[in-house]
Amino acid sequence: MIDKVRADAAAAVAGIEDGSTVMISGFGRAGQPVELIDALIGLGPNELTIVSNNAGNGDVGLARLLAAGRVRKIVCSFPRQLDSWVFDGLYRAGEIELELVPQGNLVERIRAAGAGIGAFFTPTGFGTPLAEGKETREIDGRNYVLEYPIHADYALIGGYRADRLGNVIYRKTSRNFGPVMAAAATTSIVQVDEVVAVGALDPEGIVTPGVFVDRVVTVGERNWLEGGVFVGADDAEGNRGPASDRTAPGPAASARTKGDAA
Amino acid sequence: MIDKVRADAAAAVAGIEDGSTVMISGFGRAGQPVELIDALIGLGPNELTIVSNNAGNGDVGLARLLAAGRVRKIVCSFPRQLDSWVFDGLYRAGEIELELVPQGNLVERIRAAGAGIGAFFTPTGFGTPLAEGKETREIDGRNYVLEYPIHADYALIGGYRADRLGNVIYRKTSRNFGPVMAAAATTSIVQVDEVVAVGALDPEGIVTPGVFVDRVVTVGERNWLEGGVFVGADDAEGNRGPASDRTAPGPAASARTKGDAA
Amino acid sequence: MSLDRTRLAARIARDIPEGAYVNLGIGAPTLISDYLPEGAEIILHTENGMLGMGPQPRPGEIDPDLINAGKVPVTELPGAAYFHHADSFGMMRGGHIDICVLGAFQVSQAGDLANWSTGAPGAIPAVGGAMDLAIGAKQVFVMTDLLTKTGESKLVAACSYPLTGVGCVTRVYTDRAVFDVTPDGFAVTETFDTTLEELTRLTGLELVDRTHAEPIDIVQEAGT
Amino acid sequence: MSLDRTRLAARIARDIPEGAYVNLGIGAPTLISDYLPEGAEIILHTENGMLGMGPQPRPGEIDPDLINAGKVPVTELPGAAYFHHADSFGMMRGGHIDICVLGAFQVSQAGDLANWSTGAPGAIPAVGGAMDLAIGAKQVFVMTDLLTKTGESKLVAACSYPLTGVGCVTRVYTDRAVFDVTPDGFAVTETFDTTLEELTRLTGLELVDRTHAEPIDIVQEAGT
């Protein structure tokens, strides 16, 4: 029997080594696999190259991985955000290397890796500093830049539901980079709210087929869902209840703010 | 109000001219938009270039268009099949031009057109006669062939359900080239069993978003479905009932064999 | 009287026809969605993977899985569709978005756009999807003040800031006037309590006067 | 005794491990699905857009929307997934299919495959997905008779027929023997009622004798 489900996040990230290239899904916080990143921090490899759209938000997830000093280089499109203080500090201190890639070229380069394309001509970035030194070509009267695939050793992906075969679905805009990264990494690891029985996912609606997925782990339901039904949150971090409640520690508060936990 | 729904197949194909390049979805008979092709035959343009995986099956759909002498050139991967006698005859008589493209390059070239990629390096076909005269390059120790996009003036697509915004879903392996062609043509025309209300299609499961679709037409439910429920057929053409029944003319038999009607 | 941000947003909204697929860039352009004509179906694209984006949700109804490109929570309208990032940027790069509206540091009279970096030493660069939007949309509208806070024209002969895209801007909506990018340079199509002479002085550019011309249906003009 | 088609299919099926993603080419290779080990989960890919393909349906249960690459009606197993053609060929080209099994006109000792055209004048060429499968799958197995109907070896020093792919074949299963493609040429790993001497005579090639070697876990060996 095929069973890609791992017991916990630590088991799911096993094997990631010093120097690995790791893709991390998500656009801002949406689709960011926070529990897998926390497990990666626990595992401890250093000198990682991270491929992700952003360079962390607040002090959780990817930001926490950066703060822990585990990342040598990040390949992303939009590092600077209102809540990217961890990256900002490292960058200004010269402690992290940045490869800045226009977002569409970033995702197309990741797609190329997964789809076996050797290189492609894109119009995006032509004539800008981000195409400096790159091969260009005019094709049918339009100017293009040649871009190469981005492969990874591992991909950490935030999904919604999966089955033991590794079929995955996502929720709304948290889909973003997940399906593309799953195909581009040698080993793809997906965290989901819930693992469901084989056959429970509609074959017409599976977004990432199991062929792209190596490991699956359940991390429990997010705050804004109850039994798979959307119940809403009070902020974009997924907190519920009045803001004043959120500083109170204790099991109840903890359960309600798990999305924000460090 | 946006309303991409056309009254009938004739209205849906209006504007296709002599010399147009027309993509036709489908893999064999699955997903082939037979009613749109029939309307195109009725409309009458000549000297068409057709882009499709196959070159027609039996005497219906694309095969009927070929038999009507409307096609100057076909770009496809697999013209020769057990039931491709119409194409075979035209080809042997030198009455149709063939551009043979490996299937994965064909669909990736169509995808490139829709996604604004100027050209791409593919490993498929390297060292074979189908790459003769094409630019090649070694990248990271592997050999690739440079392939260019295939654009079209029109795409005729066989879908399952759509809404008036042009959002489309497909059934099973009839999806094949449809979503890719919808993005690659200037004007994309989709036939479906049924147009449903806006909001009736699951936003997570929409395969072709309306942005790629210009016109939608309902052609009625196929033989093997009843009210959207699969009831089965007795052959791959979608006929039902014992084979002996199918030669009997008359309204009842006609309704049962509509998928096979010329 | 020059237009403030909200009135400028309302002005731009008037030029967005029903049925258009539109991407409103991060920042001021997002204001435009509040002024789209009541009842007209205009479909908003957000590059993080959605068509049919609706307004911001009320507190308590926020879905952290449903955000826009500015990472602000949004909602889903009937007929919405989700897709992954490669499909979303293929949609942009492939020319399927009718109109995008972007902010700018500078726009050149050749239509070059600079809106992602001032090139200042020590600044942290971030480009996001700006370059894809700039070269991908059929019409690229820029929404900006005409002058910087220090009084320099954002319309320039040639951009001094790092480019976002070459020859990509269709039209510039500013607080003082609306400018079309034409083969002859910027053409003023509409002024807000100013004159062509003042605009010429402020920008230091030769401007074409089209303030009395018939309005052009720009979506038709440049549709591909 | 040499192996007939069904016994050869059964022999190949033994080398397909549980959990493998497998594409069985049009024609004889489809027979293999009947011999996959009972209860082992092996996921069949069909390049027209499906993983989790099941056996042919009974008459009356045929779904014309659900066919395999040979355009034969098939069924859907629990856990199946559908996708469009670009995604399906990305899956193949990107090296995600563990094993494909193809027929052949010729295989060279360098692993070149010729299986789509004899190059005969007047023949209608058709390539389909053969070239993508040949260069895309991690392991390319060929299933064929050793000799043509006119007695010529299909294993050759260099293919005379038009190529499908260069250096792509991993292993050749024939009615007389199993051959691995190695840097030293064809290595015989298993014979069916024949000898290395006879195989050498029939193929006219220098063959490496590995009939007594430990079996190699080929999926491990060449997995990427």
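As written, the chains take the letters A, B, C and D, and residue 1 is the first residue of each chain.
Keep this in mind: contacts are C-beta pairs under 8 Å (C-beta built on N, C-alpha and C of every residue); 3 or more make two chains touch, one makes a residue touch a chain.
Keep in mind that this is a model prediction, so the values were computed, not measured.
**Student:** Taking each chain's centre as the mean of its C-alpha atoms, which one ends up farthest from the centre of chain D?
**Tutor:** Result for max centroid distance from chain D is chain C.
**Student:** More contacting C-beta pairs: A-C or B-C?
**Tutor:** Between the chain pairs B-C and A-C, A-C carries more contacts.
**Student:** Counting in whole Å, what is the centre-to-centre distance of chain A and chain B, each centre being its mean C-alpha position?
**Tutor:** Chain centres of chain A and chain B, defined by C-alpha means, are spaced 36 Å apart.
**Student:** Return the distance between the CA-based centres of chain B and chain D, expressed in whole Å.
**Tutor:** 29
**Student:** Chain D: which residues touch two or more other chains?
**Tutor:** 76, 82-83, 89-90, 92-93, 136
**Student:** Which chain B residues reach two or more other chains?
**Tutor:** 108, 111, 115-117, 122-123, 170-172, 203-204, 207
**Student:** Take each protein chain as a node, join two nodes whenever their chains touch, and name the resulting shape: line, ring, star, complete or other.
**Tutor:** Topology of the interface graph: other, matching no listed pattern.
**Student:** Report the complete set of touching chain pairs.
**Tutor:** A-B, A-C, A-D, B-C, B-D
**Student:** So in the complex, which bits of chain B are touching chain A?
**Tutor:** Chain B reaches chain A through residues 108, 112, 115-123, 137, 139-140, 142, 144, 148, 169-172, 202-205, 207.
**Student:** Along chain D, where are the residues that touch chain B in the complex?
**Tutor:** By the definition above, chain D touches chain B via 46-50, 57, 59-68, 71-73, 76, 82-86, 89-90, 92-93, 112, 117, 122, 124-132, 135-136, 162-166.
**Student:** Chain D touches which residues of chain A in the complex?
**Tutor:** Residues in contact with chain D: 1-2, 111, 113-117, 163, 165, 167, 183, 186, 198-199, 201, 203-204, 206, 209-212.
**Student:** Provide the residue numbers of chain D that touch chain A in the complex, in ascending order.
**Tutor:** Residue list for chain D touching chain A: 18-19, 21, 41, 43, 45, 51-52, 76, 78-83, 89-97, 136, 224.
**Student:** For chain B, which residues count as touching chain D in their complex?
**Tutor:** Those in contact with chain D are residues 27-31, 53, 77-81, 87-88, 91-92, 98, 100-105, 107-108, 110-111, 122-130, 143, 160, 170-180, 207, 222, 224, 230, 232-238, 259.
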